[in-house]
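Okay, so chain A shows up in both of these, paired with chain B first and chain C after.
Right, the complex of A and B next:
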């Protein structure tokens, strides 16, 4: 179904021209899409739409300041599509009297059109213009925009002026011209709006690593190291923090299940109880042995609780849990003291009238307890109850495990937070409004 | 669907219409602009040399849009301060006609949308709702009619300066208000990716494949 006429148009080809300013050879790479061409010898800005390449502007370029790391004419693959670098510009913003500059490379493919690579301090972004219109989220501070279901937070608004140009551009470019640029970030993406009189242009940038740029354009050497944290640089920490909290939640659940399981499985049998009194004023041997009692089941821990009536006093008890058959003894001593009173800070108290201790791995058998109480002369009489239970769950283990799990999670979250802090420190909103709530 | 419609009244070359509803075409040989009347073809003007353009699309480029295939059978070329762009006239398999605009390799497909209420003029940032879609004016373009080629659904050959308002929606819909006639005309469509159109019979570019 061809209607190809008898005078088919020729293949468009890159053509060579001469600069009317200095006579140097110019190459036009984007065919008739070029609107402005800049001579790289004399820096004349030429009107590509004019057959005589009218000079629109000439500018003085400080040499050496803007080194093109990707030379004009270099081809590379971005997202599987070949692009050629056809233009280069430096743009500058001033924030609180300090100039910040970044570089933009114009990329061209005759079918797919234009694309841009931006570079600031070793941070790269792969940018293209938007097909749909972002929506402003009303009444949000800092302002937000929504694009294709994703929310972007306002980062910065500044006047960006073009301070250096080279090569060709699909728009009118002049050195010194400025537009208002607003950036909204949702790492690894950034939306930028550029506003001129009768046009708003939105573009999206996606963070790109220097090494991927080097690979895409097969550049020699290695890319410069990225300095600091860039506005839409994905935080390596946020993923870590998220995954560590997931791990934490998993282990916490496992811990709770273990705790419930062991608690249910523990028999908590009371095997002995006795009620005693100790008069510290009485001289002579205070030690005694209890009646014997049975510790059944498997080898398990044995928990001994001493409940006393000490009140601004102390009592010390030397215990020995002795196996009748083997003579194996578990020796331990417990101090029980409880003091309280009032001072200039109000009421205070220290210690407790009760004490609990666990003796691990006690084999089953018949046991008795040897008890030797001690106390200050003048302490008077202390009444106390000794209770022994076997197979009692120990909760302190769970507390230690919880702490061990929590520590790395907190460390990683803190690191993620400080990365966000560095990111937003460079913005119009240098306060962290949220971490990872999106 | 191809139907002979006679000969060029200027040079005698055979003129063939691809689309039965075409109102205007250009003679491939002498570049006369021909308008179809009830009886024959009338020469109404002549196309000056078309400006060099870099659209990868050409007359007879085929593609797909929304499960319908199309072929480009004509175009209008406009010029503005950033260069020129093409409005390719598409004939779809179901007999409807549509437009594929190519402005510096940014593509949009649209269809005429008569009967909607349109503003007499608008500015960047103005918002309108048509067919339950909210649009915002993003660009006002003062353009210059530069030339025509092939078949068009209306007579279009004596225009001069024209104003277009381009609008976009958050969902990627696209609208254009054409202020070139006394009554503004609306076109509704959407931005499309080059790949999505599945285009065949494209132009070749030296050094690119």
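Right, the complex of A and C next:
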């Protein structure tokens, strides 16, 4: 792409000429701003600056291979300014023996000059040449450039050749000519440099949706469906993931506030404690009941802690927390076991001599505890203490809530990363994962 | 749209957590038994826990 300042005519109108090659009528839409004109009939590339329209090149083109989805002469509004499509070219790069082609439409406004629309697999970019050079960021990998405070990452460098042209161009276009094209991306923008010898031309493109192009040029039908992820296609997932993480941060703060609040509000009253012994060698009824105790406040949990002296053995305690007045019982069993030793892997331990359990939604009232200890004959005597507290915060709920809040944020991030993975898979800097090696 | 759904979901999680904490829910399996006879107070052996003779762990590594 190349452009100079436009030369506005007195009154915009098409100018008619004839092709010196075939005599076909030529329509010149950019007035004396065109440098080359391509004859649609004989595919002669003509020197628009020459009064006799000298033929610069003739090329053969397969008819119908390049269907212009925006016909030459179509007018549309880009960024609020009227433009007319005056030229079209197909450019091709070869990567690992595979040809990739894209289309470029040259747009012209007599007062604003030229801009370009590019299309690849249904992905569109609105491009214009830069008036200032981007700054190359030193020692960066992948290479980066900065322009207007924005950093662009190198995406791909390839040799692009012009394989088909039609209409008018503000530069000396030739079929077969090639330039080195480097793209640097910062979605939704892309900076492209085109180098021919010592001359480098920079342009900036901004991603456009096909439906916006169709709307701008009032084209019939619907645009071709975009295939895959394009180099500067804005990720719909990226913004989503960032927004979800910001919301997650808010929820995390709320979670911490809730935890502190409930911890401060919880009574954590110790309502009972008793010290007992159990001789597993002794036959007979082992069950007993404790003294009664008062459980106050609204219906909430009670936390029962069993502290024992088990050492390489176990004790099982059947508990029933019984309401004296209503006969309602909360029945549960707790095994307390602690084992440790030493083997070829080193020292090991398993279990704990203490156990804590929360009994849910216990209404206020007077309660007693029925305790029935069990143990292996030969285990001997186990000493244990039972402590009951009322209204104790259960921190495991906070862990579950944290996981529940974190899960969607992780899923959104994963989806955003998948989008970026697809984007960079087509670049000179693909993201390598272990799965790609297979 | 997704953010709105996440906000609603997160609020539901926090409300659920608050209800669980206030009402004193627990992750432990507890059986509720109605109308335990008063005689248990004097004769603890007359009540049999649903977890009585539960399969117990009986050894270390």
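Here, the second predicted complex is superposed on the first by the 410 of 438 C-alpha atoms of A that agree within 3 Å, B and C clash if a C-alpha of one lies under 4 Å from a C-alpha of the other, contacts with A are read in each partner's own complex, and residues count from 1 in each chain.
Here, a contact is a pair of C-beta atoms (placed from the backbone, for glycine too) under 8 Å apart; a residue touches a chain by one contact, two chains touch by 3 or more.
Note that the coordinates shown come from a computational prediction; the quantities given were computed from them, not determined experimentally.
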Which holds for A:102: it touches chain B only (first), chain C only (second), both, or neither? neither
If you stack the two complexes on chain A, which partner ends up touching A:245: first (chain B), second (chain C), both, or neither? neither
Between chain B and chain C, whom does A:331 touch in the aligned arrangement: first, second, both, or neither? second
Touching A:82 in the superposition: chain B (first), chain C (second), both, neither? first
Output check: A:59 vs chain B and chain C. Expected answer is one of first, second, both, neither. What do you get? neither
Would you check which partner chain A:31 touches, where first means chain B only, second means chain C only, and both and neither mean what they say? first
Which partner does A:146 reach: the first (chain B), the second (chain C), both, or neither? first
Have a look at where A:133 lands relative to chain B and chain C in the superposition and call it first, second, both or neither. first
Under the stated touch criterion, name the partner, chain B or chain C, that contacts more residues in chain A. C
Contacts from chain A onto chain C in the complex sit at residues 240, 243-244, 247-248, 251, 254-255, 258, 262, 285, 287-289, 298-302, 312, 314, 316, 318-320, 322, 324, 327-333, 335, 337, 339-341, 343, 348, 350-351, 357-362, 368, 370, 372, 374, 376, 391, 393-394, 396-398, 400-401, 404-405, 408-409, 412
Note which residues of chain A are touching chain B in the complex, please. 1-7, 9, 11-14, 30-33, 35, 49, 82, 109-114, 129, 131-135, 146-147, 170-172, 197-201
Considering the complex alone, what residue numbers of chain C touch chain A? 2-3, 6-7, 9-10, 13-14, 16-18, 20-38, 40-41, 44-45, 47, 49-54, 56-61
So in the complex, the part of chain B that touches chain A is made up of which residues? 2, 16, 18, 28-29, 51-54, 56, 58-60, 62, 71, 73, 81-84, 104-106, 124-125, 136, 138-140, 150, 168-173, 191-194, 201-208
